[in-house]
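Across the two complexes that follow, chain A remains constant while its partner is chain B and subsequently chain C.
So, the complex of A and B:
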C-alpha cells in the first residue's frame, strides 16, 4: 500500500473516532490525551499495554502464518482457550517445582492449540470442509469445554467460584520491572514474531508456504508438498494461539475461569488484517490494539468517554483499510 | 443492408474489451425456420456476438434488429420479451436443486407460489411437448449426467417458446447419441418457423444439421453461406486461416536419435477425470516430440494435465520406465517430469512472487536460509538466457506480459533438462514472435534428449512443430499423422470427419 493510502486510513479512522467522542459529549482532544496517558504515560501504563499485547501478538502471528499459507484459520480463539486449559491443567501438577511447572505449561499449551486445530485441518484436506466453518464451530466447542472444565475436572475444590486450581505463585512469570505487569512473555512473543518474519521471507520453507497460499494449484503443479505445507501451517497457527493462551495463564491469571477470553483470537485476526498479513505489521497492530485497550480505562476515568469506544477503534481502522484497498468493482 | 425477412439481424457490431478488439463490424442474419451455425476460431468473437444479441453486453457500435425492429442496447429483458433466448456454454442450473425446481425457477410464467405437484407436472408437460427426456423430477441436477443437464437447460429456455433460440456450444459435452437427439429436436423446432442459432466447432454437425452458416474470424464476418452451397473442406480452410499458412516456413524438425531406448513417456489405458471417450494408449520416445491436436473440449488438454498429475485419472503412466501414480504431481516431478499448464497464471506461476522466487520455487539456493545474492544472480542469468524481458529478477511474475510469463515458465521447467516435458497450449494468447520462440525451445529440449508432449488446438502450430501429430476427437486418438499432412485433412479430423 502507498503511504498516502496509509495516511488516509489513519486520518479516516481518527476522524470517525473523533465524531464518536463528540457524540458521547466529550472533547476529542481530551479523550486522545487520556487514551495516550493510559496506554504509555507511565511505566505501569506501558506495562499494562505490553501485558495485554502478548496474546494479541501471538494470535496475530498465528493468523499471518495460516492466512499466508492459504488456510483461513478463524479458530485462534478456540486454540487460545485450548492452550489456556492445558496450562491450567499442567501447571498445578508441579506445585513445588516452579521451573517444571513453567516447562509443562510451555509444552502443553502449544500442543493443545495444535490439537484443537487438527480436526479442522483434517476436515479441510480430506473432506473439503471450509476451514472458516469448521474453526468457528470448534471455537464454540472450546468455549463449552472451558465451561465444563472449570466446573468439573479442573475445578478448584477450595474455592467458591467455578475456576481451576491456581499455579504456584513462584511458577508465574515475574514482572520485568517493579510495578509493571509486563513479563518475559511479551519478549517471547516478539521474538517468535521476528522468527516468523524471518522464516516467511528468507527460508525455502517460507517461500513454499507463500507459494502454496497465493497460488495453490501452481504450487501443487510445481511439485511442492501442498497438503503437508497447509496442514503444517494450520497446526503451527494453532500452536501459536495455544501458546498465547498458556502464557496468559502463566503471566497474568494463574488459573482458568469462565469466560476466559474477550475475543483475543478474533482481535488477533483483525490485527493481522490491519497489518496487511505481514508478521511485523501484525505485531505492530497488536501492540496498537493493546495500547487502545490499556488506555480505554483512562478514557472513561479522565475524559468521561465510555471505555467501550476504544474497542470500536480497531474495527474502524480495519473497515477504513478495506475501504481504501477495495476500490471499485471491475466492469 | 437490412434484410426485411430476418428473424434476427446484427449489423456493424463492434466491441472492445480494453485494448482487445473482440468484434470489428461483425454481421449476422438469421431467417425464420432456419438452423443457423455460427463458426469461428477461439477468440473470433462468437460468444461476445450472441451476448450482445441477448442484451447481456453493450456493443460499442452497431444495431440488433428482431423481425426488423430495433432492440434497445444491452437490455436483456427487452431481448427476452422479443423472444431471444440464450443458452450459455456453461448452463446456469442450480446443482443442489431438483429438476422440477430448476425448471420452475427458469419459467417466466411460473406463479410466485406453486405446489410441488404443479412443479412435477411441469416437468412431465415439458417432456411431452418437447420430446426430451428430462430425468426424474425429484432428482438433484448436480447428480445427473451432463447430457441430461443439457436437455434440462434446453427445456428451461424453451419454456417461453422463444422465436430465436441461441445455443453456445451445446454439444461440447454430449455423446454422439445425445448430440443427434438434440439435433432432432432442433430440426423439429425450425420446421415450425422458429429460428435456432448454434455456436459450434464441429464441422460435421454443421454439414449434417444446419441450413446456413456464418463464419467469424478475428471479430469480422468472413463468410455467410447456405450450407448446401459450400463444402466442409472450403469452410475448414477458411477456419484455419486459408492457404497463406501452407507456404509458411517449416520449423526445425527434431531428429530422433538412433538406438533403442525406454520411451520418455508411456501411457496405457489412461482416462482423465471428466474426459469422454476411450482410454488413451500412446508413448513418446526420448529425444522426440509428439503433438496432440484437438478442438477444445475433446480431451487433449485433459490428457496433458492428467499425465502431469494435476488432474485425477485412472490408468498407467510411466516416465522412462518408472511408474508414476496418476494424480500425484510430486511423483511426476520426482520421475523427471516437467509441465507447462494451459492456464499459466493459475497453474504455472505464482503471480505475487518475484521472478527469482518463481524460478527457484522448489530449491532456492541456500540450505536453511535462502542465499539472496546467489538467488538473484542465478535468476538474472537464467532470465537473460531465456530472453525474459523484465525490470529484474525482483519484479513480480504477475507484472509480465503473457509471452514473458511463458518464457519464465520455460526457464523454470527446462532446467535442469527434464526426461519429459508436457506442454498444454504452450503458445495460446502469445504473439507471433513469442510463439515461435517458445516452439523453438520445446524442440531444443527434444533435441537435447527430453521427450516432449504438446497438446494444442492450433493445427498450424502442430505442423510447425514438425513432430508426429495425433488428432484427438471426443477422447479418441487418431493414428500418428506426419507433419506433412495438409491443414484441410487436420481440420476434417478435428471436426470428427474421416478424410
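So, the complex of A and C:
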C-alpha cells in the first residue's frame, strides 16, 4: 500500500472518530489527548496498559499456537474462565502460605484451561466435529459454569454476593511499581510469548506443528504424528488461556466474579489475526489492544465520551489497520 | 528433562518471585482544584432506571454543589479498580461506585488514597474513607406487594429480576411480604434472567409468568425492565416500576417504588464537601423522602379507594416503625 493510501486511511479513521466524538458533544482534541494519555501518558497509565495486556498476550499466543497447527480454537474465552475458576478454587486453600497459593494457582489454572479444551480436541479428532463449533459451545458452558460456581460451591460464605472466596492479600502479585497495577504476570506472559516464538520458528517441534497446520496430508505422509501434534497444540492453547485466567485472579481481582471477562479470549484471537498469526505480531497487537482499551477508559473519564462510543474509536483504529494491511498484501 | 524444557518450566516459577520490594508509593493525589466528584456505573446511563438515576444525581451534584464531575461505565472488576485509581490520583474528593459490587475495588484503592471518600450505593464495607449508601427501597416495594395482594384476581404475582444478587432479592422478599399482607393466600414467583440489559429475555420471562397466571408484575431488572413492561402491556396486566418513577414509561405501570437518587447523592456529597462524612453507612428510607411509593396518576382511577387508603396507612406505619419491612441480609 502506498504511503498516500495509508495516510488517507488514517485520516479517514481520525475524521470518522472525530465526527462520532463531536456527535456525542465532546471535543475531538480533548478526546485524542485523553486517549493517548490514558494509554501511555503516565507511569500509572502505562501500568494500566500492561495490566490489561497480560491476558491478551497469553490468549493471542494461545490462538497462534492452535491456528498455526491447523486447530481453530475459538474457545480461549472459555478456557480463560476455566483457568480463573480453578485459580479461585485453589488459591484460597492456602490462606497462610502465599507462595503455596501462587504455586497452586499457576498449576491449576493451565491444567483447567487444557481440560476445558480437551472435549473439543477429542470431538475433533475422533468424531470430526469442527473445533469452531465445539469450542464456541464450550465457551457458553464455561460462562454458565462460572455463574453457577460463584453462586454455589465457590461462593464466599462471608457475604451474600455472588463471588468466590478471596485469595489472601499476601498471595496476590504485588505491583512492579507503586501506584501501577502492572505485576510480574506481564513479564511471564511476554517471556512465554518469546519462548513460543522460538519454539515455533526454530525447533523441530515447531516445524512439525507448522507442517501439520499448513499441509496435514503431506505431514502425515512424511510420518509426522499429526493427531498427537494437533491435540498437543489444542491443549497447550487451552493451557495458555487458562494460565491467563489464573493470572487475572492472581494479579488483579483476587477472586472470581460473574461476569468475569469482557471478551478477552475473543480479543486475543483478533490480536493474533491482526498480528498475522505470528507469535511476536500477536503479542504486539495484544499490547496495542490493551493500550486502546486503557485509552478508551480515559476517553470516557477525561473527555466525557459515552462508553459505547469510547469502544467504537479503538475498533475503528483496528479496522483501519486491517485495511492498510489488506491493501499491502494485494500488491 | 532436556535443558530447553527445564528452561520453559522455570518460566512458570516467575510470578512466585513476584514479592520483589515494590518500589515507591502510589502517585500522590494531585492538589484538587475545586470539588471533584466521579461516578462509576455498571451499565449504560440510558437505562431509564438504576444507572440513569445515578447520572442525574451526578448532574445534580454538579449543579447544586458546583462540583467538577465525571462519569464512566465499567464492565469487569478489573475496570472498577482501574477507574477508582485514576480518579483518586486525579484529585477526586468523592468517588461513587454505583452498586454493591464496587466495594472490594473501593476498599483496595481507599487504602492508598485517604483523602478521597469512596461511597458505594448499597453494601456493607466501611472504613475511615469508605461507606455504603443504603436505600431502603424495600419499604416501597412492600407497598407495591400490598397493592398486588389486594387487587390481584388470580392471587398470583410475578417478579422479574436481572442478576440474582442480594439487593435485588431483598426487594423481592419485601414485595412478597407486602403481597401476603394484602392477601395471605397469594403467591409470588421470582425469575432471574441473569442480565440487566437483556430486554428480550425479560420479556420472555414476564410472558411466561403471565401464562402461569400472574396478573401483577414487579421487576428489579434495570434496563431489561422495558421487556417486562412490553409483556404487561401486550397482555393487559399491571406492572410496577422500580428504582425510578417509571409511571410514564409504559401504560401498564400502576405505581413505582422510587429512589430519589439525585436527592440522596446531593445530600451525601454535601456531607463529604462539608467534612461531615464519618465513615458510617448513610441510610435512606420512606421517612427521609429519598425512597417513596408513587401512584401513576393516569391509572389511579382504576384503584379501589380502600386500597389507596390502606397504602397510605401502611406508609405511616412503616415510617413510625409499627411495620418492620423484611430486608435481605447484605
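Note that the second predicted complex is superposed on the first by the 276 of 331 C-alpha atoms of A that agree within 3 Å, B and C clash if a C-alpha of one lies under 4 Å from a C-alpha of the other, contacts with A are read in each partner's own complex, and residues count from 1 in each chain.
In the analysis below, a residue touches a chain if its C-beta (ideal position, glycine included) is under 8 Å from a C-beta of that chain, and two chains touch if they have at least 3 such contacts.
Since we're looking at a predicted model, the values are computed, not measured.
Superposition of the two complexes onto chain A shows chain B and chain C fitting side by side, with no clash.
Angle at chain A between chain B and chain C, computed from CA centres in the superposed arrangement: 130 degrees, to the nearest 10. Counting the residues of chain A that each partner touches, chain B and chain C differ, and the larger count belongs to C. Contact with neither chain B nor chain C is seen for A:155 once the two complexes are overlaid on the shared chain.
Applying the stated contact rule after C-alpha superposition, one finds that A:187 touches chain C and leaves chain B untouched. Touch criterion met: A:220 reaches chain B, while chain C stays clear of it.
Residue contacts after overlaying the shared chain place A:37 against neither chain B nor chain C.
In the composite built from the two structures, the nearest CA pair linking chain B and chain C is 7 Å apart.
Shared contact residues of chain A, touching chain B in one structure and chain C in the other: 203.
Residues 308-310, 329-330, 332-334, 339, 341, 346-353, 357, 361-364, 366, 368-370, 372, 412 of chain B are the ones that touch chain A when the two sit in their complex. Contact residues on chain A toward chain C in their complex (touch as defined above): 38, 42-44, 48, 51-52, 98-99, 102-103, 106, 147, 151, 159-163, 166, 173-179, 181, 183-185, 187-188, 191-192, 195, 203, 247-248, 250-255, 257-262, 294, 297-298, 300-302, 304, 306-308. Contact residues on chain C toward chain A in their complex (touch as defined above): 4, 7-8, 11-20, 22-27, 38, 44-45, 70-73, 75-79, 81-83, 85-87, 89, 100-101, 104, 112, 124, 163-166, 169, 194, 328-330. Contacts from chain A toward chain B in the complex involve residues 202-204, 207-208, 210-211, 214-215, 217-225.
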